[in-house]
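Presented below are the structures under discussion, each in the form of structure tokens.
Shared chain: subunit A. Partners: subunit B in the first complex, subunit C in the second.
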Partner chain A sequence: MKRQTRRLDRQPGEVIDRGSPLEFGWNGRSYPAYAGDTIASALAACGERVFSRSFKYHRPRGLLTASYTDPGCIVQVGDEPNVRGAHRLAEPGMDVRSQDTWPSLVFDVKAANELVGRFLPAGFYYKTFIRPRPLWPTYERVLRRFSHGGVVSPDPLSPELSSYDKRQVHPDVLVAGGGPAGMTSAVAAARAGARVMLVEEEHSLGGHLRWGDKADLAALHDLRSLLAASGVEVLTNSVVFGRYDHNHVAIVQRGLTHVYERLVKARAKTLVVAPGLIERPYVFAGNDVPGVMLSTAVRRLINLYAVKPGDRAVVLTANPQGDAAVVDLERAGVEVAHVVDARGGDDLVRVLGRGGVKGVELVGGHRIECDLVVTAVGWTAPLTLLTMAGTVAAYDSRAARYFPGTATLPDDALPAGGVVGDGTLDELVAHADAVGREAARRAGSMSRREPAAEIPALPVDAHPELFHGPTHGIVDFSEDVSSRDLLTAVEEGYSSAELAKRYTTATMGPTQGKLESVNVVAIIAEATGRTISQTGTTTWRPPYAPVTLGALAGRHREPVRYSPMHPWHERHGAAPLVAGAWIRPDHYGDPAGEVLAVRKRVGIIDVTPIGKLDLRGPDVPKLLNLLYVNRWSKLEVGRVRYGVMCAEDGVVLDDGVTGRLGDQHYLMSTTSSGAASVWEWVESWLQTEHPGWQVHVTPVTTSYASINVAGPRSRELLGRVVAEIDLTPQAFPYMHVRTGRVAGVDGCVLWRIGFTGELSFELHVPASYGLHVWETLLDSGNDLGVRAFGIEAQRILRLEKGHLIVGQDTDGLTQAFSAGLDGLIRLDKGDFVGRSELVWQAEAAAESRLVGLHPNDASVVPEEGSQLIEAGVICGRVTSSRWSPTLHRSICLAQVATEFAEPGTLVTVRLPDGRSVPATVTEHLASVDPEGARLRG
Partner chain B sequence: MILIPCPWCGSRDAGEFAYGGEPTPRPDPRTATREQWRGYLYLRNNVAGWTTERWYHRMGCRRYLTVQRNTVTNEVRQP
Partner chain C sequence: MAETGVVARSPIAPAAPEIILAGWAVSARRSGAALTVTDCTPMTKVAIKAAPVGATAERLEVPFGRVSRQTWTLGDRDCSVMVVGSGPGEWLVLGPPGSQVSLIHQLSTLAGDGDLVAVVDLSHGRALVRLTGSWAAEVLAKETAMDLGDSVCPDGAAFRSAVAGLAADVIRDDRDGTRSYLVGCERSSGQYLFDSLLESGAEFGIEVDGFVPPDI
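Coming up: the complex of A and B.
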């Protein structure tokens, strides 16, 4: 096993737990670590410097920022690709590997790309692979092998990797960023009475105080105590990745047990944005060689992880933080060979070495040997969340960074901390405290009479505009885009930041511009002779941080509905059919046999999903007359009627029967799929067009279990379980409704209707008795040959009878006259929904009609959707087709152009396999019992 | 996801609602020309700015309501 040769003695602010050692694997070898180590810090403690190969040239890469955004340390952990190695904590037994290196990280064949580097210029793909066009698929296959990224396992992932979660929260104040400003704002808001959530990307709170001096650590200790006592909910290892309208704030929470990631959707009254500042890399030759690090990276390594980042260092500094890095390095025993003070105009020319830093060249050609180069040239303000909230970022050349424009910021978003300005810790804390109180006030957590908090101004320090040195270097470390590539892009005319970005892919890699954005803009500005303000920035869009698709999808939850009779269906081998939210019995193994049972004896089917609306009030007839195309004003108590609804464009919307149970009491049924939408439709007409009508609508679809008893012996069967209802044809004729007791259950509704074309009764029984009534019917009808039938049998039965199904035999363009409903539509009854269009359809004559169709070869069942073709032109389509067990032949319904709709017309059906077969339009839609003798019996 | 002010339930996430679009007055079916009727069916102003919209509180109180929304800024207010 490797040894931790570069581990320092105990550091005052270290986050590792030396009492909890562990081991994990790196490219197959075992490495030691302590709990609290990141993968990268543990490897660095063992002297490893190279963690990946770069995107285009496969140059060796090491640590740059030693934080989540580090582009040089993206690794594969077990089955999980693209893990941020400088952020993910090392765990016992972890199998960590470098990504996309072959045959090994040390010797990578694709590093040869660099030798042909001048042939991989900006816009390389566009220039090289665009012609000849037909070759693109070949190019694509080869290029894919060169793609960057880890490996996704084709095997099912472990539960920890495949479980995701969502959470909804409604904090008064949400604070993004857990540095001193964020912590202070959170405490201030909580003290003002607000419910506060604080979100921090890193594993612990404190921001830069964590790697600061004694005073910083003492201040951090105090802040943590205040926060712990404040009642603020703290999420660490979590990132706010988007701010949407009305302060809908999306957070991804990581590092959970049992769940890989959780998406937290917060509706915050006020959002405080305190992301701090991100250190900017410096662009010069060799700036990506392993051993070139930002000052914050070495300070993190030394102070948080007790890792000695090198032996001999050259430091380029332009700010006090760079100076502090020099102090830290010396304390850690690193020899600081030379300090290049950029404030005095000094500069670095190039880094020497390939696989690791061997030295630097200074201005004038002087060379210094070293294994570590530290740069501290300035800061980038991550304004992403603020720009998502409406801020227009403004560049300040004096401070060499962008600031949030406050004029365009909405009331419900407030910036705090380094994005607003500089200053001492006391000044930042005083500012953040006022921001926190103001955030609570705006969230309504304080009395409305409370005056707005006075937010003090923060000073802004002067800072040199240091973006690049005298040589060309890497600008975008994740995409391997150099300053030379940007100049090429500008020369070729891509002089706007947005165009150069797309042409070179700068800022489009895993770091998403967090490190390199300002450098990109500065280099383009210089090349085009404009200022940075004139050049403008690229657009910041969500997500700010990577979020898995799994987290966005959340846990798989699809509500499923079962009828009360479902246990019986399961016990009897029903094939399940998914119908919207319902699971229904498609058949019980023999749909043809089920059809014949209904035609010859009696069958029962579970039709619970049929939509049912209980309508009460004196104005129900008005409503029915408005929504149905037929007449309803004279429906007597005890009668049911079939009705069809159209939309205002005359297109058939839904159908069903409605019965009058009492003087002011009706029960409307809808199609199963229309149960929800028809309810909304009814409500919309009542609420928006006729609010004065007295109708009360109650959805009762699931309050009743519905059973259709169909077949010549259905009356006999029902007679055995029904009391007090006279079922004789004279007392209970076709299209009538009765209420009463069935199988001992009171409050049942029976209507005599016939979707199957047979004598049949539809029972609606209180849902909790559904299974009881169902089983009683089956038990009572053994000698009658009663049999349960499923949806498939019902579809065959109704097709034999020529009853249409809305949405199958009609589509989104089928107006009522094209659905064969001529006999139903009452244009003379006054206004109804869709009437105007139907009047015009009647005047113009329908362009197509619904007809019955029999293939001349009775054995051919054309697939539903098959086209009808005459003289090379499509003239219709088969909408329903089945083999009829009753008639021993194939039968269809079809939509055909009116000129071919006459009975006896021969049409040609084009089958999906390309064959054409002749078929004849039948006289009736119904193939069985067109006169309706059976259902009226 | 924006907030919709429901006069019965208070401010709720738009995910609870069904969008009903711009309400268009229904022409008198006795006198409406085809052009007027099809304007009622299909033509909407679709302005960039303040619009009046109908929303249906499908996951809540099941009421249709009218709100004003600025389609540019997504500011929402009760008419």
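Coming up: the complex of A and C.
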């Protein structure tokens, strides 16, 4: 195992727990770490300097920022690709590997790309690998070998990586950023009575105070104590990645025990954006050589992780933070060979070395040997969330950074801290405290009579504008875009920030511009002779940081609906049919046998999903007359009537039967798939067009378990389980309804209706007793040969009977006359929905009709949807088609052009396999018992 | 032979052991966990629809979005019932299991002159689940976008919204100072709702607790 040769003695602010050592693997070798180490800090403690290879040229890369945004340490952890190694905590047994390197990180063959770099400039793919076109598949195979990123296993991911969920929160104040400004704002808002959530991307709060001096650490301790007592909900290791309309804020939370990631959707009344400042790299030759780091990187490594970042350093500094890095380096035992003070005009020319820093060359040619180069040349304000809220970023050349334009910010978003200005810690805290109080006031947490908090302005320190040195270097470390690439883009006409971005892919990598956007704009501005303000920025859109698709998708959630008899279906081998959200029994192994059982004896089918609406009130007949094409005013108590609904364009919408159970009490049934839409349709007409009608509608689809008992012996079977109802044909004729007790269960509704063409009864039983009634029927009818039948058998039976199915034998254009419903439509009954279109259809004659069809070769069962063709013209289609076990032949329903709808007409069916077969239009839709004697018995 | 007598069954499979209580097959499991979920489907549930403003609304005394515990005389006994203002002109009355007949009779007398009132028994048409514990709001926050904070949804509040992707009624009904919610949906999705809450509550150590009537 490797040794921690670069681990320093205990540091005052270190976050590692030396009492909890652990081991993990890096490229197959074992490395030690402490709890609290990141993967990168643990590797750095063992002297590792190279963690990855760059995107295009496969140059060795090391730590740059040692933080969440570090582009040089993207690694594969087990099955998980693209892990931010400078942020992910090391865990025992972790298997960490470099990405996209072959055969190894140390010796990567793809580094040969650099040898042909002149053929791979920015936008090379627009100019190369295009001709000859027949070679495209080869180009694709080659280029795929060079695509960057980690590996996702084709096998199912481990549960740890594949579980996600979501959470909705409604804080009064959401604070994005857990540095001193964010912490102070959160505490102030909570004290003002607000519900506050504070989100921080690092593993602990404190921002730059964490790697600061003694005073900073003391201030951090105080802030943490205040926060702990404040009731603020804190999410660390979490990123606010988007601010959408009306402060709908999206957060990805990590480091959870039960799920890999959680998407937290927050509806915040006020958003405080306190992201601090991000240190900017300097562009010069060799700026990506391992060992070149930002000042904040070395301060993090030393103070948080007790890691000595090098032995001999050269520091380029332009600000007090760079000066502080010098102090920390010397305290850590790093020899500071030279300080290049940019404020005095000094500069770096290039870094010497390739696999690691060997030295630097200064302006004037002087070279200094070193293994560490530290730069502190400026700050970038991450304004992304504020621009999402509507601010327009304004560049201040005196401070060399962008600031948010507060005039364009909505009232519900407030910036705080470094994005607004500089100042001492006390000034920062006073400012942030006022922001927090004002955020609470705007959220309504304080009395509306409270005056707006006066937010003290923060001073803005001057800073030299330092973006690049006298040589070309890497601008976008993630995308391997150099300053030379940007100049090439400008030369080729892509001179705006937006165009240059798209042409070079600068700012499009995992860092999303946080490290490079200002440098990009500055270089383009210089090349085009404009100022940075004139050049403008790219548009910062969500997500602020990359988000997994899993987090966005969340838990696999698919509502499913079961009938009360479902346990019986499962136990008896029903093949499940997914019908919308319902799971229904398609068949029990022998649909043909089920059909014959119904035709010859008795069968029962679970039809619970049939839509049912309870209608009460004196104006129900008006409603039925309005929505159905037939008459309803004289439906007597105890009678049932079939009805068809049309939309306003006369297109068939739904069908079903409605029974009158009492003077002002009706039970309407709908198709299973139309249950919800018909309810909405009914309510829409009542509430918007006839609010004065006295009707109450209550959906009762699942209040009843519905069972259809069908077959010549159905009456006999029912007689064994029904009490208090006379089932004789005289007492209980076809299309009548009764209520009573079935199998000892009160409150059951029985309809004498038929869909199968046989004598049948439809039972609606209080759903909690559905299974009992179902099993009682089966037990009671053993000697009668009772058998359960499924949806497939029902479809065959109804097709034999010629009953249409709305949505199967009709479509979105089928008006009622085309569905063969002539006998039902009452154009003389007064206005109803769809009437005017149907009058027109009646006058113009329907263009098509629903007909019965028998293929002349009875053994041919055309596929549903097969076209009917005459004289080379499509004249219809097969809507339903099955083999009839009753008739031992194929039977169909079809929509056909009216001129071919006469019984006896020969039509041609074009089968999907290309064959054409003749078929004859039948006299009736029904192939079995067209007169209906069986079901009226 | 049929494996069931005339026993009512919830859409939610009872956690073992199963017993028959008040004519329902329920779970006899008892849990002392800090977060529990209970199938309360056996409770009587009766829907009333009437004019939002009128005699019936006055007599029920519960506005839209609120819940009231009341004592009604059902038959010859005083029973606790819960009256929920579940929608404009819509109420849901929850009562002890098996009290439909007396509840419906009682409610049918509410209508004033000219007041159309529909009283519909939904006891078998709705699944009802109770979630109880200090983490109850956190569990529900994974399933619904509604603001469950005390200022918006205090004890005694009711709302109708999407929960686990289902149209559901939610009633906040704290028990002995502990946060508790009743969540109701149409019956056929009851098992799915129950399973969703169990999955969401797993990180808080949720357990199934059996139904103890009358649970009002």
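The rule we apply is simple: the second predicted complex is superposed on the first by the 928 of 937 C-alpha atoms of A that agree within 3 Å, B and C clash if a C-alpha of one lies under 4 Å from a C-alpha of the other, contacts with A are read in each partner's own complex, and residues count from 1 in each chain.
As a working rule, a contact is a pair of C-beta atoms (placed from the backbone, for glycine too) under 8 Å apart; a residue touches a chain by one contact, two chains touch by 3 or more.
Quantities reported herein were computed from a predicted structural model and do not represent experimental measurements.
Participant: Where does A:Glu837 make contact in the superposed view: on subunit B (first), on subunit C (second), on both, or on neither?
Facilitator: Touch partner of A:Glu837: subunit B, not subunit C.
Participant: In the superposed arrangement, does A:Thr701 touch subunit B (first), subunit C (second), both or neither?
Facilitator: After superposition on chain A, A:Thr701 lies in contact with subunit C alone.
Participant: Residues of subunit A touched by subunit B versus by subunit C: which partner has the larger set?
Facilitator: So, of the two partners, C touches more residues of subunit A.
Participant: Just checking: does A:Asp779 make contact with subunit B only, subunit C only, both, or neither of them? Give me first, second, both or neither.
Facilitator: The answer is second: A:Asp779 touches subunit C but not subunit B.
Participant: Considering only touches as defined above, state whether A:Arg267 meets subunit B (first), subunit C (second), both or neither.
Facilitator: both
Participant: With the two complexes superposed on chain A, say which partner A:Val392 touches: subunit B (first), subunit C (second), both, or neither.
Facilitator: After superposing on A, A:Val392 lies clear of both subunit B and subunit C.
Participant: For A:Gly617, using the defined touch cut-off, is the partner it touches subunit B, subunit C, both, or neither? Pick first, second, both or neither.
Facilitator: Touch partner of A:Gly617: subunit C, not subunit B.
Participant: Give one of first, second, both or neither to describe whether A:Glu689 is in contact with subunit B, with subunit C, with both, or with none.
Facilitator: In the superposed model, A:Glu689 contacts subunit B only, not subunit C.
Participant: Find the residues of subunit A that appear in the contact set with subunit B and again in the contact set with subunit C.
Facilitator: Residues common to the subunit A contacts of subunit C and of subunit B are 267, listed in rising order.
Participant: Spell out the residues on subunit B that touch subunit A in their complex, using ranges where they run on.
Facilitator: 1-3, 13, 18, 20, 23, 26, 29-30, 32, 34, 37, 40-41, 54, 56, 58, 62-64, 74, 76
Participant: Flag every residue of subunit A that touches subunit B in the complex, lowest number first.
Facilitator: Against subunit B, the touching part of subunit A is residues 244-246, 248, 267, 648-649, 680, 683-684, 687-689, 831, 835-837, 840.
Participant: Touching residues of subunit C toward subunit A in the complex: what are they?
Facilitator: 1-11, 24, 41, 47, 49-50, 116-118, 120-126, 138, 141-142, 144-149, 152, 164-166, 186-189, 191-192, 196, 199-200, 202-203
Participant: Please give the residue numbers of subunit A that touch subunit C in the complex, ascending.
Facilitator: Checking each residue of subunit A against subunit C gives 165-170, 195, 256-259, 265, 267, 555, 557, 559-564, 581-582, 608-609, 614, 616-618, 694, 696, 698-704, 743-745, 747, 766-769, 771-772, 775-776, 778-779.
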